[in-house]
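Look for chain A in each of the two complexes below; its partner is chain B in the first and chain C in the second.
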Partner chain A sequence: MKHLLLKLEPIIWLLFGAGLSVGTMLLTGFVLVVGLAIPMGLVPSDALDYERAHALASNGFGRLVLLGLIALPLWKGAHHVRSLSVDFNGGDRDGAVGVLVYTAAALCSLIAIVAVVRL
Partner chain B sequence: MAESKKMLRVEISRFDPDRDEVPKTQEYEIPVQDDWKVLDAINYIKDEVDPSISHRWSCRMAVCGSCGMMLNGEPKLTCKTPLSDYDETIKIEPLANFPIVRDLVVDMDGFMDKFRKVKPWIVRAKARAEDMEDLNEKGTFSQSPDQLATFKQFSMCINCLLCYAACPVIANEPEFIGPAAIALGHRYNLDSRDEGQAERNSIFRGEGTVFSCSFANECSEVCPKNVDPAAAVNQAKLAAVVDWAKGLVLPREGA
Partner chain C sequence: MTRAAHPEAMAPPKKGPTRTAPPRMPGSWWGAPRIRTYLLFGATGVVYFLAGTVVLHLVWALGKGPDAWATVMASLSHPLYLVFHALTLISVLFVGIRAFGTMMPKMQPRGGPLPVLAPGLVRGLIYSAWAALTLVFSLILAGKIGS
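Moving on to the complex of A and B:
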């Protein structure tokens, strides 16, 4: 399993790196707007009401952004959990843990793709 | 010369492989001067108090990279660290994450093996005779200041091993090739004269190299020459990924 992970490492790291950027920049902005700016009235609440948000999210570009926002941070999280596991348990179970977390991330990404396509 | 009255307690880690199972600490109380570096204190003890101490040092100007030690648990060059940074007590230990030879001296052999793995020399893909045609009239390969600037920072490494002592990945996974070796490989990958990128990138995609790095950035924090090995490692990750992706769509040259 370690061998498989090693072969996939470039693509895993790419997804992780993308998730890291998306997670720290876009998601922070998203939380700031939806979690703070709208409740505090800094942005009018109807700016992102259901119809407008749906229209924004369901055009092609919107779907792509939404998928990135959902799926990429999953890979960031999975990779962090794997690193954390290596930090605490050493490399012995790295293969099993890696396969487990990345499979979870892959499955959830698949669900996200289906959800975004059916939006 | 007026002798300063200031006293300092120095705790030095002692280890004799013939007698000791684990390192033990020996304490020394010595007079110190304001302008001393930590290395001066160790040399004072070696010369005046206890000649049995073993430690490595040479240039005293932060270029030879031999005098790296753990000072109060932090990897530092002892010739570059002022003693005035420490009051009353300083604990001096050999660099972490390395086997100890004796007292403050560590075994660098494992590092040297890792070092060679990244092919730290200019690789030319062309046959020798053909290659000679690219030489300028001075018999060297021309390089512009811009081309030099792309890798110069990563070539400033003095192999002092502070980054290995600081790296949390090395601590967990001693076979990890490590910050300095990757920075050096990356330095040659960025060199306009070099043609060994494909070879090094495939080395970098192997086990225990760039992707083992968890980007804790500790190596760059402790680097006395501002090489920023963490930047090199993470640039090398991206380069290795791009090279891998290219390999999927383009046939390899000569393959």
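Moving on to the complex of A and C:
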């Protein structure tokens, strides 16, 4: 299993790096407005009522941004969780942890593709 | 005049498995600021992973229709969601400052066709891009710009 992970290393690092950079840039504004400002009443909730949210999300660019906003943090998270496991003396279980976290990230990314396509 | 030593002069006669012990986390890691910061940086992975699933949940609800969207948006006011999103914002700022401000200025490729820029300039450029993107994205989401 470690052999497969080593072969996939360039793809995993690409997605991890994109998650670290692009994911961070996208998440900041999203969490600020959707996660905090709207629920706390600092921004009126009709700013993202269904019609507007759907119009923003359902064009090609909106779908791409949403896919990046979902998938890239997942891959950044998966790789860092694996790295954290290795740091805490998890060298022996690294193969199993790697397969587990990357499979979870890959499955959620596939569901994310379905989610943005069906918008 | 002395000759330079052969680089393999001290090598054992036969190649064998490495005799160095595998790296181990010191028991006092919490008291070491550099290790603690490094581990906190890694721990943001858990928050990022969960944040990705929350956005997936929102987009899935948006695809289901107006009722599901209204329900999921209302659920974001729950204190647990607010605490999680505050934690996500702290994590994102921590990752951004560490990655964009500390790591990336040192990660410029040397010896390539592109000039190596001053670290302060790289830091300023990436921070500016981050701030600009966050501002535009926030204004769009808040309904201040865009249809």
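Note that in this section the second predicted complex is superposed on the first by the 107 of 119 C-alpha atoms of A that agree within 3 Å, B and C clash if a C-alpha of one lies under 4 Å from a C-alpha of the other, contacts with A are read in each partner's own complex, and residues count from 1 in each chain.
The rule we apply is simple: a residue touches a chain if its C-beta (ideal position, glycine included) is under 8 Å from a C-beta of that chain, and two chains touch if they have at least 3 such contacts.
Small disclaimer: the values here were computed from a predicted structure and weren't measured.
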Which superposed partner A:L14 touches (first chain B, second chain C, both, neither): first
Touching partner for A:V31 - first (chain B), second (chain C), both, neither: second
Contacts of A:D87 with chain B and chain C, given as first, second, both or neither: both
Touching partner for A:L6 - first (chain B), second (chain C), both, neither: first
Chain B versus chain C as contact partner of A:G23, first or second or both or neither: second
Partner chain in contact with A:A53 - chain B first, chain C second, else both or neither: second
Per-residue contact with chain A, leading partner among chain C and chain B: C
Those residues of chain A which chain B touches in one complex and chain C touches in the other: 83, 87, 91
Chain B-facing residues of chain A, complex: 2, 6, 9-11, 13-14, 17, 83, 86-87, 90-91
Residues on chain B engaged by chain A in the complex (per definition of touch): 168, 172-173, 205-207, 211, 214, 237-238, 240-241, 244-245
Touching residues (chain side chain A, partner chain C) in the complex: 19-21, 23-40, 43-48, 50, 52-57, 66, 69-74, 76-81, 83-84, 87-89, 91, 104-105, 108, 111-112, 115-116, 118-119
Residues of chain C that touch chain A when the two form their complex: 22, 24-25, 39, 41-56, 58-60, 62-63, 65-66, 69-70, 73, 76-77, 81-82, 84-86, 88-89, 92-93, 95-96, 99-100, 129-130, 133-138, 140-143, 146-147
